[in-house]
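Two complexes, one shared chain (subunit A), two partners (subunit B, subunit C).
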Partner chain A sequence: MDACVLASRAAVDRIRRALALDRRVIEPRTVEGAPVWTATNGEGALAWSTAAPLAGVKGWLVPPREPVLAWDDTGAMRPVVPCPERVAFVGLRACDLAAIAHLDAHFGSDPWYRARRAAAFLVGLDCSGACAGGFCLEVDAGPFARAPFDLNLTALPDGRVVVAWGSAAGVAALHGAGVASTPVDDGTALLLAELAAGAAASFPVRPYVARGLARMNAAPAGGAIADEEWQAVGPRCLACTGCTSLCPTCTCFTVVDEPVGAGGTRARIWDSCLLEGFQRQASGHHPAPRPGDRVRRFWYHKLSRDFAGPTGRLGCVGCGRCDVACPGTIGALGVLAALGGER
Partner chain B sequence: MTTTTCPFCAVGCGLVLDVAGGRVVGVAPERLHPVSRGQLCVKGWNAAQFIASPERLTRPLLRRNGRLEAVAWDVALAAAAEALAAARHEGGPDAVGVVASARATNEDAFAAMKFARAVLGTNNVDHCARVCHAPSVAGLRRTLGSGAMTNPIADVDETDCLLVVGADVTENHAILGARILAAHERGVPLVVVDPRRTRLARAADLHAQIRLGTDIAFVNGMLHAIFAHGWEDRAYLDARCENVDALRAALARWTPDEAARVTGVPAAAIVDAARLYAASRRGWLAYGLGVTQHVSGTETVIALSNLALVTGNVGAIGGGVNPLRGQNNVQGACDMGALPDVYSGYQPVDDAAARRRFEAAWGVALPSAPGLTSLSMQHAAHDGRLKTLLVIGEDPVVTDPGGRFVARALGRLDCLIVAELFLTETATCADIVLPAASFAEKDGTFTSTERRVQRVRRAVAPPGEARTDWEMLEALAARLGRPMGFRDAAGVFTEMAALTPIYGGMSHARIGASGGLCWPCPTPAHPGTPRLHVASCVRGRGRLIPVDQTPPAELPDAEYPLQLTTFRLHHQYGSGSMTRRAPLLERENPLGLVWMHASDAARRRITTGACVRVRSRRGEVTTRAIVSDDVPPGVVAMPYHFAEASPNLVTNDALDPIARMPELKVCAVAVEAC
Partner chain C sequence: MSVVAPPDDFAAALPHPARVVAMHDEAEDTRTFVLGLATPVPALDAARPGQFVMLSLLGHGEAAFTLAHLPCAGAAPGTVTLTVRRVGALTGAFFACEVGASVGVRGPFGRGFPQDGADRPTLYVAGGCGLAPLRSAIDAQLRARAAGTPVAILYGARTPGSRILRASLAGWRVQPDVALFETVEEAAPGWHGRTGVVTELVAAAVAAVGAERAALCGPPGMLRSAAAALAAAGLAPGAIHVALERYMKCGTGLCGHCYVNDRDVCSDGPVFSYGELLALPDAFGPADSAFG
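The block that comes next holds the complex of A and B.
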């Protein structure tokens, strides 16, 4: 295991302050009662128990509006590639790190994404148990983090912290902070395994999740689910785009031109497959004309192994954000409950 | 990240604006907002787009040689002040008028009403509540003593029956509509009364698909059944209501069979609706513009009030009579007194004591006779009595009825001044255009449909030289020699609260710290009032007023055989000036559409997507058909967001005699393939 043990949580705060020397450190902090990604400059102690914010870090890596090219009144066109500031996200939960693995795979060599991703240093923080509405365990995305991270933190009950590293930048940051560490010995490894087991055991028993996932993944693709089931769910989708906006693995965008005088900017903005206009083709043909068709398509992409990412994990990371955002109560757990015969 | 209030419908959802590089780039829902609880509708999710639109007005415009040219603020303000002064000189104070905005803040609306009354000396001030819920204000004041929504949105979770009349809630108030759907899924009966098969109607336990404009017959039929079966709340009627016997006597002829004959809904369904609503312990009654936009709008509101009173639902948790206000701050603009007959807090201008309070505070003599409504101002402009009009953030050329009359009337003004975000259809007609700040660029408050006063916070600077309404009105007042003394939004609010008892205990600081307060909130220690009429009605006893069915002003005939109604789409808002600048929203629906039933379409050889002409006695419009069973045979329906194909070129401007509301919801038309 590429990890070591820090004697105390204070050592983590030294790492955070060291990161803040040449990066903006952004961490979940409670603002007006709710966790929000906040620029902290590494000050104070890490908020170890603050839950994942409703708006994740997707907005930094894939902004809701990204200018891609500009033209001027001579007709000359130039690409607009971002020069993002260097940031460190400290306190990323396993679900969000699993989602970033999807984004990395999806955007691949996209220069806008690569520029932002290269400027971001990722520090994970393992969850000690289930959060409200989260079901990362059932979709194999948590509660303990796997790649990609630069560093990952696991708090031990005795006050010590296990730090794992996943990149050269992570190792350099650990060294640069000058904190004392010890190797992970057998006793600590056992303790970690017990913590992981305890965290897993803390999840509520939701057999409908496994049943729903099984139906979604039965051959042929999604064929175990009758069309009528989707058409019954469809009218509950108001096409608000809340799920796709908050989903940390949703990547669809459209392109808009914003002319100003004779010049202007082309930007890509977040789009949503649940909008009727998203799939309507120039001919007027629509491959998913009914709301139920669009809902089926969306959840097929999230919950079917046909769309598993490079790590083999589903497009849904179990963060539960869509269940909060969906006015129609058909977020992931809501849909799995419907598919799994729970409602 | 700036936490603020959504600028679209009146549900008042909590919105967090994401700012980068001085521009609002995205939005997120406010996780712990008391009403929206981390949710937004598609308009809210797309709120960032219009704010930074390159089409925003950034400089004042002045018409010179027939063209609108960019000028300095000084030049525009001097021209506006001169036009207002000249009109007053020539025709007296009532030769000028102000149309305030239901989209701007309370502070802007209060400044607009003070500007009209204290600076211009006229009560000619109104806003678009005239074409949405003026009948609610008039009707519920007569029966209960207050024209506002009686119960909070959260009562949807506390009720035993949901009754929705003439409101397409999932599309127009999506976060509330979804809450209704969720309550229904938990087993709460849902009754929908609507000529169209809306999303809620399709889900409902009972959809009463009434003929257009027959709501009173339907409600009277329900009331007849309620009394016939003893489902009325006898103890409540004895203790809290008056005029019971007169109502019972007037209902005698409204047997379910008679109501069925008029409404087209089977008598058994009318009795079922009555049983579901009245036999439930509590019923949450909500209604929308399908009730108000009729010549019988005020009387229909009264009929619904009768229904809620007879069943003991007024003042109860999970009950109430709940008009769903349309625009983000239409409740607030009414509360602020942007109405021709009342000051802020519904204090009548013809009440000497109220007038003296405002005169003392402002140090000027104020006019005592109620002024003109917005539609009357249009007629006065047409007749040459009104010479200069200031329109703030409204687009009556698109949103008001009566064919091309509005544009023609505005064209006859000596001077039309428009404060706007964009060059709307109305602004295009103006002599002077003042660039306004959007909700993301100013501090202040909005009041939601449930009377919740919430903070609006500045996230970015206005584009170019754009200003908030109260700032430009203050500058204009100074030019006219009567400065209003406003320095900042909080100061405007403080002055308003001191003069407005229902807001008396509120301040920006208190509202911001509490997540919003529902009026009345008369003192700094008062917790606000989510439910009205709890111990007794605001007016004392609830007044039952018999009302009779009045047919629409125009019925179909051989020449115009179909009935046209209007509605709103989930993806658009008002005249579309904001939502049509959001690419995803604009993409969702083709421009301008008319929904029609397959039987009517087939007879005319019309298919979905076909170009059609919709004609009435007032004008015609060319649009495209959608063949759908959303509407019954004989009825066609058009959304009003699109200036390219505005149903208001054909709608009827016949007025409700009490509230002066035009009958936008029904007129007779002919439809033919182009």
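The block that comes next holds the complex of A and C.
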């Protein structure tokens, strides 16, 4: 066991307050009965058992509206360079960190994303078991966190905390908070392994997930699933875009010009591939004219290993938000249940 | 991901300022625009046939257009030539521009047609406005080929009035070792050429020049059937290159609009070999699509 130390919960709170000296610390707190990412200034104790908020942190890293260009009344153009606030997200669950790895891979060449991402300090918090509707285990995204985090917290039953670091900034934060370097001993390492195994064992048995993923990944691409199946599922999508808005790995955007007087701004706006016009071409050609075509394309993007990217993991991180958002029954588990013959 | 992007990275993402320096109508609703860049852009001068740019009209947005004429095919450096059909809001605004109007250009983007093979007998198959992206590929080969290398051009238009690039067609018709096949779907008074679809002429065109490779651009249904006809005529799938068209918002593989299965048309294409497309079931859209 390396790259981590043992600390107390009080030491973790010192880290949070130290981070708050030059960043806005944002943590899950229960607001009107629901967990919400909340600016806390690092005050009070960490809310260890607060569940992951329904909205992730995607909106900080990829804002719903990102101005990229402005022009004036002479037609002269200039880039809109973001000045992101320095933030520390404390309490990111494994699924959200896996999603940020996905965003990093997708937007790694994009200066707007890189500016926002560089301003964000990430503190993970391992899950002690399955959450309602979560299936991170089945898609290799949790419940224990992997990179990218600056620090990651694993709460032990005896009140101690294993603090892992994943970056130089994470190490600096530990030093800044004066957290003593107490190495993790073999006994604690064994306890961590037991915790991980216990967390994994807490997930419901859902064999249809593996069956659905297997069908989704059978060669040729999507060939194991007949078009009729997708066309049957398609009308269950209302194109409300709730799933794509909440999905922490959805990255699609459109670009709009917003004239103001003789000048204006060009901005990226979140878009959704489930909308009918997403791929419709001016010529009239539509690569995905039927709802079933669009639903298939969306879930192929999330559940096919063709999109695994450099992390080797699927585009779906098993957070279950789409199942909560869907007014119908075709969130990820709903679709996997259909593909896996569960319903 | 800890490195903050330097300011130059943001500036590099801006469109290059340009002005409309010339334009002429090609056909019903189709016009060729020549844009003059405000400052030299070496990457645009070095662009290859099949690559595209994002045309920017401030207040109206951006849209993707394949470069229709290039320095490697004889165009003047510092210019960008686009042949555009008026079909939507942005193209409507472009058509309303007059000579001198300010526009912007980002690019070039994407993978164009293969750069080698100018000495191999080649068949170009174009449908409708799909002739525009092939124009520079044809002209570049005609400039680079060894004497006697046969080239065939197969062009299908909806009607005689919708034929574009008539000056280029007339020039190709009189070039040595160039066989030009034209057809229209609906004849009109005064049309004495063929009537039908290009697919029906593929086998004859391949035989006429002993084509070893082919380049295609046009409507998806035409691409699907013409590529299959070329393969049936004996061309290897890897020697058939198809330029796909998709709606695009960024040109750089980020916005998601143009993805076909696990490939982005903007950055992995827009030119794909037929061998690659056979592994992409969504390449031409649903077979029974009303717009296929």
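The criterion applied here is as follows: the second predicted complex is superposed on the first by the 335 of 343 C-alpha atoms of A that agree within 3 Å, B and C clash if a C-alpha of one lies under 4 Å from a C-alpha of the other, contacts with A are read in each partner's own complex, and residues count from 1 in each chain.
Rule of thumb we're sticking to: a residue touches a chain if its C-beta (ideal position, glycine included) is under 8 Å from a C-beta of that chain, and two chains touch if they have at least 3 such contacts.
For clarity, every value in this text was computed on a predicted model and none was experimentally measured.
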item: Clash or fit (per the criteria above) of subunit B with subunit C on subunit A; value: fit
item: Touching partner for A:Leu54 - first (subunit B), second (subunit C), both, neither; value: first
item: Which of subunit B and subunit C A:Val256 touches, first, second, both or neither; value: both
item: Touching partner for A:Ala118 - first (subunit B), second (subunit C), both, neither; value: second
item: Which of subunit B and subunit C A:Ala7 touches, first, second, both or neither; value: neither
item: Partner chain(s) touched by A:Ala224 [first = subunit B, second = subunit C, both, neither]; value: neither
item: Touched partner set for A:Asp110, first subunit B, second subunit C, both or neither; value: second
item: First, second, both or neither for A:His285, with subunit B first and subunit C second; value: second
item: Touched partner set for A:Leu156, first subunit B, second subunit C, both or neither; value: neither
item: Broader residue contact with subunit A after superposition on the shared chain, subunit B or subunit C; value: C
item: Vertex subunit A, arms to subunit B and subunit C (CA centres, degrees, nearest 10); value: 80
item: Partner chain(s) touched by A:Val171 [first = subunit B, second = subunit C, both, neither]; value: neither
item: Distance of closest approach, subunit C and subunit B, by C-alpha atoms in Å; value: 10
item: Subunit C-contacting residues of subunit A that also contact subunit B; value: 254, 256, 259, 264, 271, 284
item: Subunit A contact footprint on subunit C (complex, rising order); value: 1-7, 9-11, 13-15, 17, 58-63, 85, 87-88, 91, 102, 104, 219-220, 245-247, 249-250, 252, 254-262, 279-282, 285-286, 289-292
item: List of subunit A residues in touch with subunit B within their complex; value: 31-34, 36, 54-55, 59, 63-65, 235-236, 238-242, 245-246, 254, 256, 258-260, 264, 269-272, 275-277, 284, 324-329, 343
item: Residues of subunit B that touch subunit A when the two form their complex; value: 1, 3, 16, 18, 20, 25-26, 28-32, 37-42, 44-46, 48-49, 53-54, 170-171, 174-175, 177-179, 181-182, 185, 199, 202-203, 570-571, 583-584, 587-588, 609
item: Subunit A residues touching subunit C - in the complex, by the definition given at the top; value: 68-69, 71, 75, 77-81, 104, 106-112, 114-115, 117-119, 148, 167-169, 220-223, 227, 251-257, 259, 264, 266, 268, 271, 273, 278-290, 293, 297, 300-301, 304, 306-307
